[in-house]
Amino acid sequence: MKTSVAILGATGYTGSELIRLLEEHPHFEVTHLGAHSQAGKRAGEVLPGISGKTADMVLATSDATLADDIELVFTALPHGAAAESVKSALDAGKKVVDLSADFRHKSHDIYKAAYQAEHPCPDLFAEAVYGLTEFTRDKVKASRLVANPGCYPTSILLPLIPLLKSGLLDSKGIVIDAKSGPSGAGRSAKTGLLYCEINEGLSTYGLPRHRHVWEMEEWAKTLGQQQMTVRFVPHIIPMTRGMLSTLHLTGESPEKWHTILSESFADERFVNVLPQGTLPSTHGVKGSNRCDIGICVIGNHEAVIVSCIDNLLKGASGQAVQNANLMFGFDEGLGLSATALWP
Amino acid sequence: MKTSVAILGATGYTGSELIRLLEEHPHFEVTHLGAHSQAGKRAGEVLPGISGKTADMVLATSDATLADDIELVFTALPHGAAAESVKSALDAGKKVVDLSADFRHKSHDIYKAAYQAEHPCPDLFAEAVYGLTEFTRDKVKASRLVANPGCYPTSILLPLIPLLKSGLLDSKGIVIDAKSGPSGAGRSAKTGLLYCEINEGLSTYGLPRHRHVWEMEEWAKTLGQQQMTVRFVPHIIPMTRGMLSTLHLTGESPEKWHTILSESFADERFVNVLPQGTLPSTHGVKGSNRCDIGICVIGNHEAVIVSCIDNLLKGASGQAVQNANLMFGFDEGLGLSATALWP
Amino acid sequence: MKTSVAILGATGYTGSELIRLLEEHPHFEVTHLGAHSQAGKRAGEVLPGISGKTADMVLATSDATLADDIELVFTALPHGAAAESVKSALDAGKKVVDLSADFRHKSHDIYKAAYQAEHPCPDLFAEAVYGLTEFTRDKVKASRLVANPGCYPTSILLPLIPLLKSGLLDSKGIVIDAKSGPSGAGRSAKTGLLYCEINEGLSTYGLPRHRHVWEMEEWAKTLGQQQMTVRFVPHIIPMTRGMLSTLHLTGESPEKWHTILSESFADERFVNVLPQGTLPSTHGVKGSNRCDIGICVIGNHEAVIVSCIDNLLKGASGQAVQNANLMFGFDEGLGLSATALWP
Amino acid sequence: MKTSVAILGATGYTGSELIRLLEEHPHFEVTHLGAHSQAGKRAGEVLPGISGKTADMVLATSDATLADDIELVFTALPHGAAAESVKSALDAGKKVVDLSADFRHKSHDIYKAAYQAEHPCPDLFAEAVYGLTEFTRDKVKASRLVANPGCYPTSILLPLIPLLKSGLLDSKGIVIDAKSGPSGAGRSAKTGLLYCEINEGLSTYGLPRHRHVWEMEEWAKTLGQQQMTVRFVPHIIPMTRGMLSTLHLTGESPEKWHTILSESFADERFVNVLPQGTLPSTHGVKGSNRCDIGICVIGNHEAVIVSCIDNLLKGASGQAVQNANLMFGFDEGLGLSATALWP
């Protein structure tokens, strides 16, 4: 019998992507779809891609009681709103993977600085495990609450952590210029996200300090053992999915960094370090749970690292399923593809 | 001294396009920008493309009194809302070009059927002139109220009218399959218009009977002297601007139709009939006020006609300026380009 | 042990898609990749999406001898070039799924009319099975040579055949207006396929008579038992994948057509008839092997049918794998998804 | 009477854009279009956007003799090829604006390092004027050979030069992360520029040292009076036109930089410094000759500057016309728009 799963926030882009991944999962089965404003509708009416019996499920209200047999809850809700649902689910004895930012921080002060709001249940911070799978695998396995990392931090921390640990990186002068498609901004009806406002144009946003900077700095310190300072500028790109982070780095012996990265991820099926000098494209990861990393040494003390993910997969729902697999003792790659949908 | 002009509904896509065209117009000068929800802001804050002194104008509320020296008002408002503003402007002695659908019909019954609403001032229907410039030029010149045609009717009636008048067309079996970018749907924050919902996808809408069918049939009869029946299916295409209408036609002597079209538009600078057998692309008209028409004869009784416009120009704001030029005795091409921005 | 498979023409878009599908297939294993101009390179160098051990395979020349243990060959080559490779593979005792047009016709005269060339081995026409799976399943199972249908014919014949068989359709006045992304045109370096020539534009092509008209008319007659005449106009759309065919139909009792379609495909997992009045978007099928069909009745004798597929999947490589599964006695859905990658 | 103008390389994207600009220019008239591979065709056959009589001109071979009355030649040819044409035109007494890289350098050694080729006429380097109009206006006026700047250097040097001159910038730690649409790569039929290879994807290119780095460093020194070292990473973005350069800067008193930029460009109609803290989008400059510059101070010693241009206008053909206007004593803005085509 399959493990019964609820998705709260099912009608957004990450919720829809969770449904897609779980439709073909051998051990999980979605039995509950929560959706605030669309409650009462057939799922297939609101989500064009899904098929089969999930399409015929009726969307529940966001505060509907979860059936007893549900063992796992994915919360794909806005930060702030997620925390309450997470607490309820935990109280009802379910395991939770939270895709919001609500449990990514260890300090309430940092949370408040980043999100400009009080947190409703900071007491849960202590047990939440940051689910950057490749670096926190064992803790994820033992956890009942996984805080799924942000998309930018995922693409950036994966290559940075091994280099920070090596001590070769100049951790104070890191410049990160990141680019993402607008699916990461969610499915809210905002003028700035209209087709004609995004298409054929390019801009920065989130300056001077994007919320994910706090998350990156905190986990660089914890997992990379370095106090990192980043200058981080995100851009929105006219493509639906995909994220490319360009890391402009200085430090010692950049010619050794490729080896450090290759060795760090040699056994990882979802992190792929390209040959020295080859830089990845988001085309290589769209539709897959892979992170592709490339490095190009520029001079004696400089290198550029490019890291690509699908922001809805390794940057959100894919990593969430990867973590869920671990929490239930399954092979961590179940339901996930390492091959991209290209072109 | 320049003629002073107001634009009501200045912050939508057609309003913005009017501003752009008038910024470089030798005889018109925009002195009033009305904008419901954005009133009080600098125009440049809301409209990224404009420059210079228009960008520094402050947006007025939609019901602000228009200064006495304003002689011309463009109403780029939703249907229903436009009618009241048109009436006020006429009462205050201004001329009006209305880009909404409110004065495109001659019968209140047809208006109600198409727009599912009562019209607030149907008494004005009698004096409104339908501004399909190439066919109603003289009436436009003498008018104080021009109803600017819809984008689909413009692209479709231009090639159809000469053929309907010729009597060679089978006017009962006309199939029109039309494609438009989403800028024609306006700048409202609707989920269905978000980037990720439009990009990389394709769909029909407006079935079984799009509002523009009433408009096309009415003006085919008046200007083409034929009772036309169309099967009309519009599609939304992932590109910001551009409209391509594919007319699947049957009738007599289709090999003569190219000559009929060429002769009809021989003296028109904004209607371009391509050589026999060559079909246009929207690339040829983006950013221009041109309509490009091509015809390909398929058999003894069949032909395909393709008609391309920029939906925001010949399909909206460009034709509106063309009409305004005529209403004020100017050369009708002032401020308008016949060359496309390509690529 | 898995069945060993060769893909000839592996570096084009359909070849790449075959690799992707087979990488996760439980019973097929790609052991040979043929690629004319790129022979000698690592597959991963040329194909950005693939991963794992396929990426490390070296591309063979197009005329390389196939190993004895290869049992199945997919030919994803241009028409004309495919025929010779198909013949060699059959002579060597392999089964073949040919994605080109070379074996889709039963008459050499029709082939010559459509493709303007002599066919090198018309003697093979007799045994080739047209692989429109839902209608030729039993023949496919027994075949050693499957001619995989064209993308337009697939999207169009699926809804047409049941209606043609019903006798209710006016089979002489069928107008089909089809739209496809440019991935169907292949990966050749042609100016007309450059990003800037396709992006933000829209045009028709292939008039007056696209090659697929012969294919559609032939199989409408064979499988639908009606001599059909179509007026067919294809358009190229600025999106990578996806095909939407709009069928403008007349006939008797169009209110019954939805039932006819629903019943015809009730047991098909890859053909999905939407509720009466709902028309599909290509968003619902991108990345899936599904064909979504919707119908909207317009009047007493008219209806519009919209049929959507992913041109690289149900329109090419997906249907090819579906057929291959049947040829080897596997479940026909192995390796194929019915859920779309959306957004 | 208008000044007669030749465009060599008329069928590429910059050539087409020159035609568009000059079609509506009051004093220049295009009388000669040179086009290597397309010679003999009507211009309108090859260039979809142009109209009127230019569309009817016949394309000449690239080595055709220029008529005596031609006074100005635009060379929109690949580097290497351009130099010979420039020399011939100068020898024939014409003035030249060269859009290639062939005359942007003062030293043959630097040219050879950047372009990996001998230059055929380095003796002309001395008299070529670098046409970054806002900084070299007087020299342009007096010149008969203007080297039109590269697109990246234009977008980057405009904001950098005033800051370098101020002495406040740390000129050794400049990180520039730039993004451009593929129209800058030209109209050659290359696989990497196909629609499906660019669309919905994102990648870097040109590393470790893009050719434009030499150009930027040389002119930073000459015009900014500082030996600058940049780490420069360009990216290709799925949009036809537009370039956004993100400058990650350190130095003293970044809070003063906005004033420095505002004062530097106070009288420039084509350089627009946005209010402090506001960063531009390429939407604001598409179709215009404007450069929009914004600055956001990040900390006590850091700021981000974003600079946007239309790569085909201020980054190529627009600046070329601006320079040509000056060379002939015309108002430098003739034929150029400061307003964008938006959306």
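Which chain is which? They are A, B, C and D, in the order written, and residues in each are numbered from 1.
Convention: a residue touches a chain if its C-beta (ideal position, glycine included) is under 8 Å from a C-beta of that chain, and two chains touch if they have at least 3 such contacts.
Quick caveat: nothing in here was measured; it's all calculated off a predicted structure.
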*Across the interfaces A-D and A-C, which one involves more C-beta pairs in contact?*
A-D
*Tell me which chain's centre, taken as the mean of its C-alpha atoms, is farthest from chain B.*
A
*Distance between chain centroids, defined by C-alpha means - chain A, chain B (Å)*: 45
_Distance between chain A and chain D based on Cα centroids, please, to the nearest Å._
39
*What whole-Å value do you get for the distance between chain A and chain C if each is reduced to the mean of its CA atoms?*
35
*Return the residues of chain A touching two or more other chains; collapse runs of consecutive numbers into ranges.*
13, 183, 196-197, 199-200, 238-241, 281, 283, 286, 343
*What residues on chain A touch chain D, complex-wise?*
173, 175, 177, 179, 196-197, 199-204, 207-209, 231, 233, 235, 237-242, 244, 246, 248, 279-283, 286, 296-298, 302, 304, 306, 308, 343
*Please name which positions on chain B make contact with chain A in the complex.*
13, 181-183, 187-191, 193-200, 238-240
*In the complex of these two chains, what residues of chain B are touching chain D?*
13, 16, 20, 23-24, 47-52, 183, 200, 240-241, 272, 281, 283-284, 286-288, 290, 337-343
